[in-house]
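Labels A, B, C and D are assigned to the chains in the order they are written; within every chain, residues are numbered from 1.
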């Protein structure tokens, strides 16, 4: 995450006309040596090991929080209270309670012109932004179905070690919070509708894994042993959208062969949209108002000058990659901050996703019965 | 359905070496004139309007039931009791109770060497049969995920008329029984595992439709009025497989742009399989035991001589179509009958699917809470 | 070919309203026993070993010529002169000279109301017929580029035997006449334009192969030896269309992994079309008059009621297969004969393709220099 | 090009361990104001308008030539003679003669430890580098067929203005030199074989275009007039590879709907490879040694740690974009320079491509007859 965010801060101003030029002041890490090396490599002027020190610096106007989820709330709230803008990685927090505290801090800060954004970077894939625009323009009509999935396979091997992402105390949850959060946000962003309730299943297929050799994963409990996986490997749920549509979601790290298949299909009364991050420069669009003889899902290469973000880059057909989602995120954030408008997605948007994840977890824990999503 | 089955009976013996030569004795329909015309067109020697008369004929050894679901039980049970083999279209019945009666009749009949088969024709797509074979051979390991969907869009237009498939008393259910039954059977067939419980949602997006002009749709209630849609337009559910895997399903007639997208993806501990009927001659297979450098979903054109069914047809790359699923069904059935073995899928298999549909309907009616699938 | 044509004759009248009902009188083969068995299996009333006997029969109105190319001219001319309609498989003949004699016979016959058709069955793929319609309607504007290929791989293995298709005296040429003929016809049919000249390369990668065990392949020259391959394994050429467009073609039996990839892409000033027989129910269409923001190649599932041929079959999304190209061919032929109009493609169309193949062969033999296509 | 190269110089050292840290000294342009603005935006310390001044600077060790082709020879030769390493954009030059002069300069320079590279950036797409590796490892056996195409559509509109790329005196040629050069290089790189001869066609579909308003396009000849297009819009050719394979190529700016479709398919005796830059993170690979039952083109997502270049970036499935080809180019170049080894592709490689383009042009000008490729 640090590498991706740093590349974004270094690059945004090179391709987008930004009102402010990002100044990469200081990188903060737990280990002084590693932090210095990272700062040098990633282009930060200085390194620091105490995140609280950042908040006292005059040359820091914004804190970009890329730590594991269990530290988001403390850091983000302190930063906002110290008058620093905050960009916080998703999921916003490891619990609804923490998220609420963060939203409150963001609201306090906003009153003082200090802003907070949560990093659902996939909203800034040009194809996703185009999907949102087409829905807003009414091109697919009323939303009937959402089909969301985020499929990965990096822990299919039962000998893959027990890294921090597989420990509840650090990560909060497993596939659900890590990648489920993304696909839930994507679906709500593209449709412009919130989920209102869910019935869910979660599962941990491999319940014990080798402790990692690397101290950065887990404090080794005496050597070469194994430890319990305390998060979900996969989460599935069906739900309803505020507008009356039906939705299904799946987040898993056990979809063998699927590497980063963040997928969204939306069927409306007038048309449909389909996206898969594994082909991130493409959006499929079916226009149901077209004559049936020539209607078909069209593969739009989202690289035209008039497509969202694409005009800042290369000629048509010269695609972008994963890192550009962060460049776009940073560019939008800087523009919003300079304009004094609240960036999007806000911490409130992050809380709303957290409420969905919470309902999913409650449903899964409660025998897969229906759970309403609070507010 | 009548046209597809007739083509199958006419064709099976031309391409497959069958122990018995099908003799197309008599087509039965409600209207004498139409039945005669259909018989002539479809290649049946005679026409008949009273299905009970068929059961008294010596030249009828098998009854192929292609009527709406509300008549399956009566006809199939009578036929079996009269000593006729039965091929019955899916879903087996409109209720679990009827399905149980049919299974009982099939068991009675079997004791006398009379057999019953339910027409889940998609099992006979070569790509699907190959998927089953690969699972049986252990090529994908332990099943972790099933992702099933059957997506159509033929009633997206709210002015599409209220045909019999949209009336509960005739069709039993809507998308659920019509196409959901297929995808549930497909998933259970390919994995070799039954679903054990579900949480489900159903919805009827368009609740009133014009009465059809055509008397074969609905008895017109005085002309140009509208009537209530009494079945589901869409059904979604998540569930668990007997072997510990997770499954999600969706059956809908509102997936704008999807015409006949019967899709199944199975992720196992060693590999994955993916199928979409809109590209029915292809099976995607990911072999996770392959070196990561050259691993990838491979698109198998299931048209090789060593592929299921394909050897009877054309050279590699010369694909088959929808109707061939019925040709294969009939060929397998005739061989099984000649061998005296019970054909597959049996009425018991049909009942099992019915039990799943019943649990889905109960869950959807009961606030989307979890429902165990009985036996 | 015999099996495919027979299935077409048996089936056409079941799905299309034909003015005449095909009566499958007699199948002719070289070996009496095999001919009788084939007739029984394929649905012909009688069998015959002397093709000339067919021409004297009153119950034969049409001769369907499915023999190797070296016999087309003799049989077709005799049949036409005897007043029998003729459907002749492609390529029309093994040489331009033979093709000219056949065209002359067809013209003589036409004066007497007797008609001839050459069997370029791929014109009757619904997606191809739709492509032709869209070009005729001006949807892609002026044709700039044609990209044709017919890729197979059935003789990649150097131990594949020396069957008749690899012998010049029987087959005339190799990939060029067998599959190159199809793709040339397809390109000219879809664009409505003839090729005017070519520069070509051909190659025989494996120049010697094992003699086939089977006497129907090659007269065995004393047992287990090897013999020379006397036809091309592959042919490539670039050329010009009458309307000013550029074209490239490739026909090969050495495209490892491509099973029956008959591909055509046409780029016009207003749009583009792309087809691949391995996905025969799909046509890709790019509408260049569309706003760039939503333009994209759309995958049309050519299974709608308003698509060519598709209305006679199944609901949308229920695809057709290879054999249906022959069913459509036969249905069109019967309708044309009943109407007294000359069927299409005519023998003159077949000659035009032969002239292209001849120019290709001359160019390849003459150091890949440019050769004009005669008329 | 300047923007892409600058991003590469800024980024390479952030993701790759480079022995030397690039120091972006000075950007040179014709207009002082624009050069200064570009330098500031793109991250260069200084700006300059006289390229010869660069050669006298001690803080310039390498000159990156991104100018139109008519200036490559003069600048590159002078830079090499001044002891500066050179990275020169493709095509190497506008004529074989110029290219030979450049190769001679590169050879002189090499004797003094000064090196030259030509910028065929597409070699550094991970999927292309993987394709090369698989060919080298013998995974596809002997090369039978190469199918290369570079399809764009940016000048389909006849009102698109007469920019410098459409003028022979600046660009040398049209689609041929601009994009044909890339696909020829790609084919020769991946197969490891040179083309030995060609038969070619070229065409200019739109022969006159509006003069551009912008002085940077064309010196306006008195205002709003039109001028002649003096380069090819499209070039097609067939050819032979040194190893006995056959090849076809197409380069066009008139393939409506194709935005940047740089495609390569290679069929070998044991397998096949297919690539399309529009899906640049994927490589299709068919392994013909696999059992036919499970053989199929596999879509490899070339984002694994063990794939070329990919390990320096993100987790599997998180794709790269167009600009990364330049990052990889620069990283490889810096490593080679530090190691004192000649970078690849060399100016001699660039000359070889030029010789192919020259033979294509000669063939096209000479009635599409065969032309041998010199050395």
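The definition used in the following text is that a residue touches a chain if its C-beta (ideal position, glycine included) is under 8 Å from a C-beta of that chain, and two chains touch if they have at least 3 such contacts.
These numbers come from a predicted model, not from an experiment.
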A student comparing C-D to B-C should find more C-beta pairs in contact for C-D
Top of the farthest list for chain C, CA-centroid basis, is A
Chain centres from averaged Cα atoms put chain B and chain C apart, in whole Å, by 36
Per the C-alpha means, the centres of chain B and chain D lie apart by a whole-Å value of 54
When centres are defined as mean Cα positions, the distance from chain C to chain D in whole Å is 40
Touching at least 2 other chains, the residues of chain B are 258, 295-297, 301
Counting only contacts in the complex, chain D reaches chain C at residues 140, 144-145, 147, 149, 151, 153, 156, 197, 199-201, 203, 205, 234, 236-240, 244, 246-248, 250, 252, 254-258, 267-272, 286, 288, 295-297, 363, 367-370
In their shared complex, chain C is touched by residues of chain B numbered 3-4, 6-7, 10-11, 14-15, 41-43, 152, 154, 258-261, 277-281, 301, 303, 313-324
Chain B residues touching chain D in their complex are 130, 134, 139, 283-285, 287, 292-301, 304-307
